[in-house]
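Dropping a structure here in structure tokens format, bear with me for questions.
Which chain is which? They are A, B, C and D, in the order written, and residues in each are numbered from 1.
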Amino acid sequence: MRREGSVPEDALRVRVGRIVDSGWFQYTVVAVIVLNAISLGLETYEDEFAALAGRFETAERVFVSIFVVELVLKIYARGPAFFRDAWNWFDLIVVVIALVPTSEGFSVLRLLRTLRILRLVSVIPHMRQVVGALFRSVPGMGTVISLLLIIIYTAAVLGEKLFQEIAPEYFGDLGTTLYTLFMVMTTENWPDVADAVMEEQPMAWVFFVVYMVATAFIALNLVIGVIVTSMEQEVNSQRWAADQELELEQHNELMTQLGGLAEQVERLTEQVRELQAGTNRDRGAERETGD
Amino acid sequence: MRREGSVPEDALRVRVGRIVDSGWFQYTVVAVIVLNAISLGLETYEDEFAALAGRFETAERVFVSIFVVELVLKIYARGPAFFRDAWNWFDLIVVVIALVPTSEGFSVLRLLRTLRILRLVSVIPHMRQVVGALFRSVPGMGTVISLLLIIIYTAAVLGEKLFQEIAPEYFGDLGTTLYTLFMVMTTENWPDVADAVMEEQPMAWVFFVVYMVATAFIALNLVIGVIVTSMEQEVNSQRWAADQELELEQHNELMTQLGGLAEQVERLTEQVRELQAGTNRDRGAERETGD
Amino acid sequence: MRREGSVPEDALRVRVGRIVDSGWFQYTVVAVIVLNAISLGLETYEDEFAALAGRFETAERVFVSIFVVELVLKIYARGPAFFRDAWNWFDLIVVVIALVPTSEGFSVLRLLRTLRILRLVSVIPHMRQVVGALFRSVPGMGTVISLLLIIIYTAAVLGEKLFQEIAPEYFGDLGTTLYTLFMVMTTENWPDVADAVMEEQPMAWVFFVVYMVATAFIALNLVIGVIVTSMEQEVNSQRWAADQELELEQHNELMTQLGGLAEQVERLTEQVRELQAGTNRDRGAERETGD
Amino acid sequence: MRREGSVPEDALRVRVGRIVDSGWFQYTVVAVIVLNAISLGLETYEDEFAALAGRFETAERVFVSIFVVELVLKIYARGPAFFRDAWNWFDLIVVVIALVPTSEGFSVLRLLRTLRILRLVSVIPHMRQVVGALFRSVPGMGTVISLLLIIIYTAAVLGEKLFQEIAPEYFGDLGTTLYTLFMVMTTENWPDVADAVMEEQPMAWVFFVVYMVATAFIALNLVIGVIVTSMEQEVNSQRWAADQELELEQHNELMTQLGGLAEQVERLTEQVRELQAGTNRDRGAERETGD
């Protein structure tokens, strides 16, 4: 039954799994990520810490080494299961990027090191759940988001055609117009945009007011949709379950009681029947006697 | 019973109806609208795509042709029912506009082509529902919206009379004042407006603060009204129905059980009555005997 | 029994009451208020309508006459009850103001004519209800509003003392500081204020960030409080009442059924007792007989 | 049994406790805090009230004396229990600060006098509750707040690295970038920031749009989380309790009724058994007689 040779390996895997799942291991990883985040932050004060540039390089190498060890341990402990979780892929990619040699002083890969701070999310289980919940709330709202995008796109094509020549700095082409309309949607600087257009087309305020009211209204419905969905899932569901359970319990109690009563009455009926049968027999006997 | 001649036509109509309702037909229409939207968007880069101006004309004609065919098929398949749906009227008008010849280079009709992007809403059933729900949520809020408009209008007349001479650029006439107050309501640039007025009337901040708090408060109540309405309609209504059903079921079960018990006791009473009657008869007989 | 002389007057009062309550009377009043609002709006275009200045005067007199007649009829029809409603006092004051002679061209009283537009709220019953609901939602939020005001006041005193000499245009005295902090709370122009201060006190951003987060957080709780209160009052309250009623009804039905059953069993017990008594008497008689 | 000497002290303590808990004492303290707040506010008008500078000093001393007396009375009345409430510590510290001698004209301690206005919160029980509720709502949202901070920090490190050289006034170092991103999150002046960067990196709008949508989305989920939590705790909880109580009451009523019925039937059964036993005995006797 025992597979020779595989047992010690399995035992090692179990032991590594225990390390990887232990609290101190997880806290250490979180602490290293936080230190890495602080180090990345301090690096931005280039002039103040110019003397420490070499130290940052060393720290960077230490952090990456720790992350590599962490992931190797996790992959060893979890086996193929490790690769079934999207969060683990994120961890893996973010760390592998750090291993790619970057000869140039400034590169996209160096920038992507910043994403390692987001490992705080992938490493803390509660954070994973919250982010998972955020993403799960999106598809239900897909139609309203699409609607918002359709409205913005239509308004952009219309706005570009209407105001292109009046205010090319805001409505020069579709890209610029989309950017302008996103700005208007955040209500930032919209009077500047509107004034620039209204100098030549005094009725242009209609476009802006309708656009702002429409997007605000749809965004509001988006928010309300998310609230209602959250409510439906969470509010009172424990109470509701408790209510249902209590009701069922009470109902069963009543039914049992009623069933007992019915049996009691049944036995009583049987007794009375016997009594009657006896009396009848007596009567018969008496009649015989009396005859 | 079979109407001669009408059957092949009906059969054709049914077949066309099946095409019109088929997934690939709907997906094709959505795809053409999306292509049309992209084409309308690319057209805005006039300088970059100047060489392709003719191509856009051709594409435009192709899109319109497809839409015409689509609508003709739909009208044929649906018959008079087609015209009972407001969304279909929207589709029809938007496409008919495209058929009106526009000799001038730039016209309102050319602008209205942009509205064809909104056919994405009218063609996708789920979108129709969402937009329908948005519009249905408005009438319930009619009073609060009217109240908001009354407050804004009153504030505009008052503001115009108060600040007209101090800041004519913001409060010159009623139209300008309404525009200014809409701007203030979005909190954009309101300190500029207030400062312009407060230079001469230092107490004018009262007007702006009261106006902003009042409109924010009413707008907030508008939002809350929509939330509460949505809640009332959706939250827990399935559970509530389930609750009611369960309760009714349990109640009926109890009543049936009790009814059975009552019948049992009734039969028992009848038995005892018979027993008594028998005994009484016996007693009577005995008395006669004994006499 | 009939009080002489009072009957015709009462009959007249009833008839006037019927007029005042009739739909056409109310619609007419609403229409006149709307016309008055439009007229007040058009008056603001002084230059455009300079030739019509006299017409506006005439219209004004007509509107006021109609309002006077309306209120006289209402007071006659309602009697002392008229003065028990705060909305009626608003109507009365707003109309009486219009009757005060204003010799000067521009006066506060002329400005107050604008408030007549708000009679739309006091005349339409549904509007009264909505506004009443708005005001009733305030006291429940009194503590949170007070808290917000205490925070703003404390921040103003602190801000004035801290930044008074750095940026007197924003923090010169308490009034100016309160205005600045209201502005910062609306997030409008706050970077300008913060930058003006941070030039000399680089740590001043702490003040602004803490103040903005704190006021946003309290304002958010204010909003949530209003939502929760509205929910408590409205969501499911009809259903809840229906639930309670159904439950009570079902309970009563069960209790009645059980009561009937108990009576049945009681009668049965009585019968059995009689039976036993009869049997005992028989037995006694038999024994006597047998003796 | 009576401890000599301690009784009068206890009696005094009880009497002082009664004073401290009396309405007029609490109202007086609130009034003094309000007067102190007004006095602190008036002090900010230094030029206007320069002549009254001495009066403010006197008022300050009077206020502090009253607060010292108030706290001494409270500590005496409450005993060690006084120090178990964090709010009392706040009161104590704020008053003790006022007693520290400040030789210099302007000091941090003088600034902290402003915090005495916040004693309005610690002295009014209802305010304490509201603030307590505000703070209690935070930990439940801890993960979402952390997530928001992680996103802002990551965006800051990334933004600093990306735009540092293009717009050093906004992205010079990490502190500046964090301040800029907080500003962008409030949507204030964000187009200025974006434009400054987009002059050299036209694609930078992606960074700003993604950042704004992400933070708005997380902030929205934060708000919704607070709403849902509040709902869960408060909405319908009284009704729910009433419901549960009513249901339990009704259930108990039913069970009592059923129990009574069962007893009734039990007694009846006993009677019938006796009847049968009697009849059997009779029959036995008869048989003996008949034999």
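Simple rule for what comes next: a contact is a pair of C-beta atoms (placed from the backbone, for glycine too) under 8 Å apart; a residue touches a chain by one contact, two chains touch by 3 or more.
The structure presented is a predicted model; accordingly, all values stated were derived computationally and were not measured.
Colleague: Call it same or different for subunit C and subunit D: same when shared residue numbers make up over half of all numbers used at their interface.
Modeller: Different, since most residue numbers here occur in only one copy.
Colleague: Relative to subunit B, which chain has the most distant C-alpha mean position?
Modeller: D
Colleague: What rotation angle takes the CA atoms of subunit B onto those of subunit C? Round to the nearest 5 degrees.
Modeller: In short, 90 degrees.
Colleague: Hey, how far is the Cα centre of subunit A from the one of subunit D, in Å?
Modeller: Distance between chain centres: 28 Å.
Colleague: Could you put a whole-Å number on the gap between the CA centroids of subunit A and subunit C?
Modeller: The separation of the two C-alpha centroids amounts to 39 Å.
Colleague: Which subunit B residues reach two or more other chains?
Modeller: 187-189, 227, 231, 235-236, 243, 247, 254, 258, 261, 265, 268, 272, 275, 279
Colleague: So, with touch as defined above, which chain pairs make the list?
Modeller: According to the stated criterion, the contacting chain pairs are A-B, A-D, B-C, C-D.
Colleague: Spell out the residues on subunit B that touch subunit C in their complex, using ranges where they run on.
Modeller: 143-144, 146-147, 150, 153-154, 156-158, 160-162, 164, 173-174, 177, 187-191, 205, 209, 212, 217-218, 220-221, 224-225, 227-228, 231-232, 235-236, 240, 243-244, 247, 251, 254-255, 258-259, 261-262, 265-266, 268-269, 272-273, 275-276, 279-280, 283, 286, 290
Colleague: Which residues of subunit C touch subunit B once you look at their complex with the stated criterion?
Modeller: 37, 40-42, 44-45, 48, 110-111, 114-115, 117-118, 120-121, 126-127, 130-131, 133-134, 137, 179, 182-183, 186-189, 223, 226-227, 230-231, 234-236, 239, 243, 246-247, 250, 253-254, 257-258, 260-261, 264-265, 267-268, 271-272, 274-275, 278-279, 282, 285, 289
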